[in-house]
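Next come the structures, one after another.
Each of the next two complexes has chain A plus one other chain: chain B in the first, chain C in the second.
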Partner chain A sequence: MSEEEAYEFVKGTLKEERIIPYKEDELEIIKSIEQCINCGICINHCPVVAGVGVDQFSGPRSIAVELSRSPPEFWTTGDKVYLCTGCGTCREVCPQSVNIPEIVNMIRARIFEHRPDLVPKELHKVLETIHAHEKAFAPWDDPEDKIDSRDMRLERLGLPLVDIESKESADVLFYPGCQAEEMAQEVKEAAKVILKRFDVNFAVLDELSCCGLPARLIGDEKTARELNTSLKEKIKSLGVKMLVTTCAGCTSNISDIAVRDNWDIPIYHMIEYLIEHIGIDRLQAEMASDTSATKITIHEPCHLIKHTSRQILDYAVEILQAIPNVEVITSSARDSCCGGGGMVAYHAPSVAKSVVGINLAAIDATSASRVVTPCPLCTATLEDNLYRSGIPIDVDDLTVFIATHLSME
Partner chain B sequence: MEHEYDLAVIGGGIAGLVAGTIASESGLKTILIRKGRGATSYSSGAIDILGNLVESQFPLSPIDALSTTGVIRSTHPYVILGISENNREVHTELIVQRVKDSVKWLQRNLDGLCAEFTGALDQAMEAITVLGTTKPTCFVQKTMDMGNLVKDHDDSNLLFVDIVGHPDFNGRLAARTYAEFQRYADKPVKRVSSCSITITPFGKPYNISSVEVARHLDHSGLPKEALSELRKNIENTGATHVALPPVMGIESANTVLQEIAELGVHPFEVLSFPPSVPGMRLQQSLDAMYLESGGQMIVGHEVVGYDSADDRVSRIIAKSPHRKMKISATSTILATGKFIGGGIKGTESGFKESIFNLDTVDLNYNPTDDLRPQKLTDRVNVQYEGHAVFSVGVPVDRYFRPINYDSQVVYENVFAAGSVLAGYNYLVEKSGLGVGLTTGYTTGLNAMKYIKEEL
Partner chain C sequence: MADYDVVVIGAGSTGTAVARDCAMRGLRTLLLERDDIASATVGTCAGMISSGLKYMDEPEIVDMCSDEVVHFLRIARHIIMKNPILTPMLEMSDLSSGGNFAEEYSKRAESRDVPPVLFLTPEDSREIEPSLNPEIIASLYFEEYFIDPFRLCILQALDAKNHGADVKTYCELVDIDVKDGKIVGVVYFNRITREEKRVSTHIVINAAGPWASKVAKFAEAKVDLRLNKGAHVILDRRVVNVGVIAKAVDGRMIYLFPHENTTLLGTTAIDTWEDPDTLTASHDEIEYLLQSMEWVIPSIRDARIIRTMEGVRPLVADWKIPEGKVTRGYEIIDHSSQNIKGLISFTGGKLVMCRHMAEAATDLAAEMLRVETECKTHLEPLPGNEDDVDVLALAKEFDISQHAVERLRARRGTETRMILELTKDHPDWKTTICTCEPVIEAEIRYSIRHEFPQTLNDLRRRVRLGTGPCQATFCTYKAAAILADERELSGHDFQLDILDFLSERWKGKRPSFRREQIIQEEVAQGMYACVGNLDLTLGSVYTRKPWEDWS
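Moving on, here comes the complex of A and B:
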C-alpha cells in the first residue's frame, strides 16, 4: 500500500468510527483545553450554573474535563452542551485561558455531524430558515409590510430615513446583521443616520447574508463556513476599507473569521468606530442639549465585551457620558448574560429565562428608567423579559439611543 | 489608539489590586490589566502571613517568625521589606512594622465588605479545614472566627454540620479527623460530632455546588427546616460550637451565622479548597476596593508584548480575544503570579518570567534559567521542606525592581510584587497572601515615589 493509499484508508476508518479530524485553525483551541487544571473557578462565575445549578448544566469545568474528551461523550452530552449560552465568562476568569466557548462549538459540530437526532429540533428549524434565506430570520412575506414596519419605528423615534446615494468607492461597509435587517430595523436606520451625520462614505449590502454565527452555534460548521465565504466575496467585490456593524455577535464572529480567512480589512462595532475614527469631540458637538434628564444603566453584551474586548464597554460609557442630561448608573449584575446567547432560548426557554432573571433583578434594583445595550439581540431579549416580569424599564439599542440624541440638523 | 496612564499594573490578584489601590487613592491615573483569576481567587478564606519557617521545625507566631526570617534568609521578600533607606541593612523591626502597616491598611479597606477579616499578628491561629485538619494562619474572614473553641474554654463541644448532597464537605469525615487530632492537642476539644442539614437551591438534595448554596442563602436566607434540623442536633449533642462549610452566603454570610448563633452556639465556617466561596468574597472585595479608589480595570486582557527604551518600559501591549490595546505608563507593576497565574513559566529548557523575559532564580537566588522544573521537585511528595520549584521567581533589588544575573536593575520603572517574586516557598511557609499584600503595598508606594521622581 502506498503512503497515499494508506492515508485514504485511515481517513475512511475515521469516518466509520465517527471521528472528525481537527482543522488547522482548531488546533490552538484543542491545545488550550489541555491546560485545564480542574480548579473550578469557572463554576463560580458561569451564569447558566447560577441560573439552573450544576445538576441541570454541569458547568464549564465539566465541559473541559469530561464532556469534550472523546466521541461517545460528545453524543451523550447533547442535553448539557446545548445549554451553554456561550457568554465567555468562563474563558475570562480561567487562569489558563481555556477556550471553553469555542470547545462547546466544536463538540456541537461533532454531535451535529454524527448524531443530528440529538440536536434540539428547534435548532434544525432555524437551520431551515438559514438554508432557505441565508439569514437567521425569515424575510417578511410582503416587502411592503417590512417598509411599513420600518417607517413606523422611525416615526416613533423621530428619526429621518436616510437614502444612500451611491455605494461606488465607499470606504465603509455598514453591516447591520440579520436581527437589525429583518426585525430591529430601527437599529439599521439609526446607524445610517449617525454615519451620514459624520459624512462617512458608506455602503450597505443589497442582499444581506448571515455572518454564520447561528449556524456555528448550532453545530452546522459546513453551513457556517459557506456563509463566511459568501459574505467575504460580497465584501471583497465592494472593495471597502473596513466593516462597521451594530451587532455584538457579528462583531466577534466577523472579527474571528476575518483573521482566519484573510479578509484584510478591520472590523469595528459602531461604538469603536465612533471613538476611534470620528472622535469623542466631534460626537459631543453633534449632541442635542435640550433633551430631558435620563438615568440609564448599561447591559454588557457578551459577544462584545467577553468575546471581543472589554475596552469597547469603556468606549460606550465614554460616549454616554458625552450626551447631555444622561446619567449612567452601574448595575450590580456580575458575569451577566441576557440568556439570548448560544441559541439556548430557542430550545430551552426556561433555562434562558433563569439566566436573564439574575439580570432583571439587578436592573430593577437600579434607579435607572432605561437600559441601553450595544446589541440588538440583548435589546430584544431584555425588552421581552422586563415586559413579562412587569418591570417598567425601557430598553434601547445603544446605536438608536445615540441617533435619537443627535441635535436637529 | 494609545492609552496613557501614570501606572499600569499587570495582574489582578491581591498584590496587583493592593498596589493599584495605593497608587490610585493618592491620585495617580492607574490601569490594572487582568487575564484571568489567579491564586487569590482560590483563597481558603485565610490570609496567611507566615505560618511556619522551613528552617524552624516548630510553629511560631507570625511576628516571631517574621523576626526570625531576617536572621536566617537574606532573599525572602519580607526581608527585602526590612532593608533600611539609610544604611541598607536589614532591620527586623522594619519588617514587622511594614507588615503591620499593610495589614492595618487592608483591614481598614475591607471593613464592611464581605471579606472583612479578623486575627492578630502576635497569635498563631490553627484554623480548621474542610478535611478536619488544621492549618497555621494569621487572619481569617470574620465568618471563620472560631471564637473561644480552643482557648479559654474548658468544655467545648464541636458539631460539624454538612449539607446533604453537597460533595465539597463531609461533616462526618471532618469530625473524625479532627477528633483524632485532639489526642495531641494541648487543649483538646471535649467532644466532636457531626450532622447534616438540608438546603436545596434548585429543589433537589443532590449534586449541589458550593456557589449555588451561597447564592441561595444570599437570596432567600437559611431555610426554616434547616434551622430546626440544626436546633435539634445542637440539643441532642449539647454543642457549644458549630463548624459549617464555607458556603453560608457570598454577601450575607454574617447574617446567616448570626441567625445560627441565636441557637446558643458559636458558628463558624471552615477553610476550603477551590472553587471556594471565600475566594470569591476576597476577590470581589479587593476588586471593589480598587474600583472605589478610582482605578481603572481592564479584564480579559493578556499582556503579550512591550516596547522599551533607555532601560525603561515605555509601552505595553494587551490582547483580548479580538483586539489589541496599547498602554503607555510611566511605571509598571508586575504582579502576574507564579505558575497558576502564569507569571513564571517552567519548560524543559528552564524557567522564564513570561512578559519581560526576566531572569529567574530559586530560594537562594541561584539561576534557574536552564534548570528543568523536575530538578526542583522531590520524589517524596509530602515533606517538610516542600518542593523547591515553588520558590522560583524573579530576583529584585531593595525597591522590588527585577534584577538580572549581574545584579543590575533591568528596567528602572518596573516593579514586581506577589508570587512572581523568588526567595520564598509560600506553600510550606503559609505566606502566600501575606507576601502578596505586603509587597503589593510596598511596590505601590515605590512606584508612586518613582513617578513623582522621589525614588
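Moving on, here comes the complex of A and C:
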C-alpha cells in the first residue's frame, strides 16, 4: 500500500472508531478542560441549570469532567451540549478558567461531522438558510416590504434615513450583522445616524454576509470557515482601517477570527468605538437635553461581557450617564443570559424561555420603565418575552437608544 | 464424594477464566479469591488484548494471541474498543527495528479484521496526532484491541456462577490438604465472617499470579516465578487521538494508549522482590515513562496526571536474561512431577491468553478427573454480549442522558436495560453518583445486588466509580451511603469504608502528585478531613496502610 493509500485507510478506521483527531489549535482548549477540579462552582452560576435544573442540562461541570473526556463517545452528548447557551458564565466564575464554551463548540463540531442526524433538525434548517443566502435569516420575499418595514421603524423612533454613497476610501466598515440587516433594521439605521453625526468616514457592505457564528455554534465548522474567509475578502477589498459592529455576537466572533486569520484590523463594538474614537465629551455635547426623565436598566450581553470584555459595559454605563434625564438602575440579575445564545432557542424554546425567565423577574423588580442592551439579539429576545409575560417594560437596543437621544441637528 | 471437583485459587483474569471453563464443562467448581475479583495484576494492566507485538520472535505465541483476539471479539465485543496506533520514528535506526515486526504482524492481521502494518508520512502522522514531534521521519501504523480488564474478570466470574460455580471473594486460602501425595481439600479463611472452612476437592488449580509460589507451598509443592513489576501513569481524558508507541530511554518500547476515557502511559519492567500488595509507583518509574515519551510527544508533561498504578507480572522463571527476553508464553505445571497429584499451577501468560490458559488447565483437570469434556469458552458469549444495544432508544425510553447510557452499555452490553428498568420503580436512582464517569445510582444498586462487591473499591472495579479526574472526591460519600443502605452497614463501617477507598485512591495519586491533582486534592481533603472530620473521628480505629505517611 502506498503512503497515500495508507493514509486513506487510516482515515477510514478513525471514522469507524468515531475519532475526529484534535487539530493543533484545539490542543490548548483540551489543556484548559484538564484543569477542572470538579468543584461545581459553575453549576451554581449556569443560567441554563438555574432555568431547567441539572436533570435536563447537567451543566458545565459535567461537560468538563464527563462529556468531553472521550471523543469516540461525543456522539452521545448531543442531548446535553446543544442546550448550552454559550454564555460563558462558567468560564468566568471558574477558579481554573476552564474554557467550557469552546469545548462545547468542539464537541458540537464533531457530532455534526459524525452524526448530523443527532444535531437538532431546526438547526439544519438554519444552515439551509445560511447556505442559500450567506445570512442567518432569509431575506424578505419582496424587497419593497423590507424598505417599508425599515421606514416604519424609523418613523416610530423619529430617526432620519441616512443615505451613504459607497465610499471607496472609507476608514470604517460598519457591519450590522444578520439580525440588524434583515430583522432589527432600526439598529443598523441608528448606527448610521450616529456615525454620520460624528462625521465618520464609513461604508457598509453591498452584500452583507454572516460572520459565521451561527454555523460555528451549530457545529458546521466548514461553513463557518467559508463565511469567515468570504467576509475577510470583502473587508480586505474595501481597504478599511477598522470594523465597527452593533452586534454583541459579531463583536466577539469577529474579534476571535480576526486574530486567528490575521485580518490586521481592530474590531469594535459601537460602544467601544464611541468611547475610544469619538470620546465621551463630543458624545455628551450632541445629546438632547429636552427629553423626559427616564429610568432605565441595562441588560449585559454575554458575548460582550463574558466573551469580549466587561469594560464595554462600563463604557455603556458611561455613555448612558452622559445622556441628560436618564437614570440607570442596576438590575439584580447576575450572570444573566437572555436565553438567545448557543442557538438553543431554535430547537429547545422551553429551555431558552426558562433561562430568560430569571432575567424577566429581575427586570420587573427594578423601577425602570425601559431596558437597554447593546445587542439586537438580546433586545429581540427580551422584548418578546417581556411582552408575552405581560410586563410593561420597553426594550431598546443601546445604539437605537443613543441615536434617539441625539439632539436635533 | 468430594465437595468440589476443582477449587480455583485466585480470581484474576486466569482464575476467573478457569472457573468459567470448569463450570461450563460441568465440573463442580469453587473459585476462591483472597481479595476481590481483578484486584491485583490484571487490575493494573492496560487492557490490551495484544496480538503479540512485543514477542514477534516467538511465532507460535503470536499465532495464539492472534486467535485469542478473534475469540474475544466473538465473546466480549461489548467491552472491547479498537485503538489505531502510531509508532513514530525519529531516526533511521528506529525504522530498521520495525521490519521483522511489520512482517510478522501483517501475516495474521486479516483474521483480526485489521490492516497490515502501514507506513505513514510525517505530515499524515501529524494530521492524525498533532502532538507528535514535528521532527519525526515516518510512522508505523497498526491497530490493536483493548478490553476492560475489570469487566472481563467480573463477567467470567459471573458466567462461572451462572454455570453453577461457587465464587467466594475475600476468602483466603490458608491450607491445602494433601493425603498420600494427592490433593483432598483446601482450608480457607473468610475475611468477612472471620470463619475458617474446610472443603474437599480433587483438584486445585493455582492461578494466584504473583502469589502462586505461596499457594503451592501449602501443598509443599514448588513454583518458581520471576516477579517483575510495572508502572502506569494515568492521564486525565484522551489527550491523544490514537495510541503512540515509543522507544524508551533504555531501548525498550513503551506506549501511550487511550483507554476508556483516560490515557495510559506505560510501562516499566523491573524485577522485584517487594510485597505486591503494597507496591506503589516510584519517582524513577514515572520519570522514566515521561522522559521516554517526551521524545515523540514533547508536550506530554503538560498533560494532567491523575494517578499511577503498579502491578506485578508473574513471569516464567527464565533467569539471567533481560526481562524483555523472557518468554511471554505461559507454563502449566502439573505437580505430579513433584509427587503431588491434583495440583496444577500457572506461570507466565498475558491478559490476551487467559482463556487459552484456562482451556489448557481445564483439559488437564478433566484428564485427571477422567471425564470427557469439551471447551466452549471461545464460542459462548459472556454476559451482556448477546445482542446489540440501542443507546439512543434506551435514553429516550428511560429519560436519561445518552452519555450515561452509552457508558453503561460499554460496561454491560445488554444488561443495560435491566439496570435502567430499576429506575421505573425508583426514578431517583437516575441520580448521578460518580460525576466523572458517570455512574448512576441504579447501576451501583444493581452491582451490589448481583456482583458481590463488599467494599467501595470493589464497586470501583465493577462500575469505574471514582476513576475520573476528581479521583473519588465527589462520589465516595454518596456511594458509601448506598452501600451502607444495601448492606445495612453500621455508621462506623460506613466511615471506615470511605477511608479505605480514599486510601486506595491515595496510593495511586501520591507518587505522581503535581499541579492540577494537588489542587484537586485540596478539594478532597477539604471535604473528607475538614468537613467530614474523618481523619479525627476514626484516627484511633483506622489502621494506616503501609503507603500512608501521616507523620
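One rule holds in what follows: the second predicted complex is superposed on the first by the 394 of 409 C-alpha atoms of A that agree within 3 Å, B and C clash if a C-alpha of one lies under 4 Å from a C-alpha of the other, contacts with A are read in each partner's own complex, and residues count from 1 in each chain.
Definition applied: a contact is a pair of C-beta atoms (placed from the backbone, for glycine too) under 8 Å apart; a residue touches a chain by one contact, two chains touch by 3 or more.
No experiment lies behind these values; they were computed from the predicted model shown.
Colleague: Between chain B and chain C, whom does A:M152 touch in the aligned arrangement: first, second, both, or neither?
Modeller: A:M152 sits against neither chain B nor chain C.
Colleague: Looking at A:A285, would you say it contacts chain B, chain C, both, or neither? Reply first, second, both or neither.
Modeller: A:A285: touches no partner chain.
Colleague: Considering only the touch criterion stated at the top, classify A:T308 as touching first (chain B), second (chain C), both, or neither.
Modeller: Only chain B is touched by A:T308; chain C is not.
Colleague: Let me test your reading of the model: by the given contact rule, A:R69 touches which partner, first (chain B), second (chain C), both or neither?
Modeller: Second partner only.
Colleague: Using the superposition on chain A described above, determine whether A:I164 touches chain B (first), chain C (second), both, or neither.
Modeller: In the superposition, A:I164 touches no partner, neither chain B nor chain C.
Colleague: In the overlaid three-chain picture, which partner chain does A:A365 touch, first (chain B) or second (chain C), both, or neither?
Modeller: In the superposition, A:A365 contacts neither chain B nor chain C.
Colleague: Quick one: is A:V49 in contact with chain B, with chain C, with both, or with neither? Answer first, second, both or neither.
Modeller: In the superposition, A:V49 touches chain B alone.
Colleague: Just chain B (first), just chain C (second), both, or neither: which does A:Q96 touch?
Modeller: Both chain B and chain C are touched by A:Q96.
Colleague: A:A6 in the overlay: touching chain B, chain C, both, or neither? Say first, second, both or neither.
Modeller: second
Colleague: Which residues form the common part of the chain A surface touched by chain B and by chain C?
Modeller: 37, 39-40, 55, 96
Colleague: Per the contact definition, I'd like the list of chain A residues that touch chain B in the complex.
Modeller: Within the complex, chain A touches chain B at residues 37, 39-44, 49-50, 52-56, 59, 88, 91-97, 251-252, 255-256, 259, 267, 275-276, 305-312, 314, 334.
Colleague: Name, in rising order, each residue of chain C that touches chain A in their complex.
Modeller: 81-84, 115-116, 118-121, 124, 126-131, 141, 143, 236-239, 241-242, 258, 260-262, 299, 302-304, 391-392, 395, 401-403, 405-407, 430, 432, 435-438, 468-470, 473-474, 516, 519-520, 523
Colleague: Going by the contact rule at the top, pick out the chain A residues touching chain C in the complex.
Modeller: 1, 3, 6-7, 9-10, 13-14, 16-17, 19, 21-24, 27, 30-31, 33-40, 55, 58, 61-62, 65-73, 76-80, 96, 118
Colleague: Name, in rising order, each residue of chain B that touches chain A in their complex.
Modeller: Per the stated touch rule, the residues are 1, 35-38, 41-42, 201-202, 204, 206-212, 215, 274-275, 277, 279-280, 284, 296, 298-302, 320-323, 325, 340-342.
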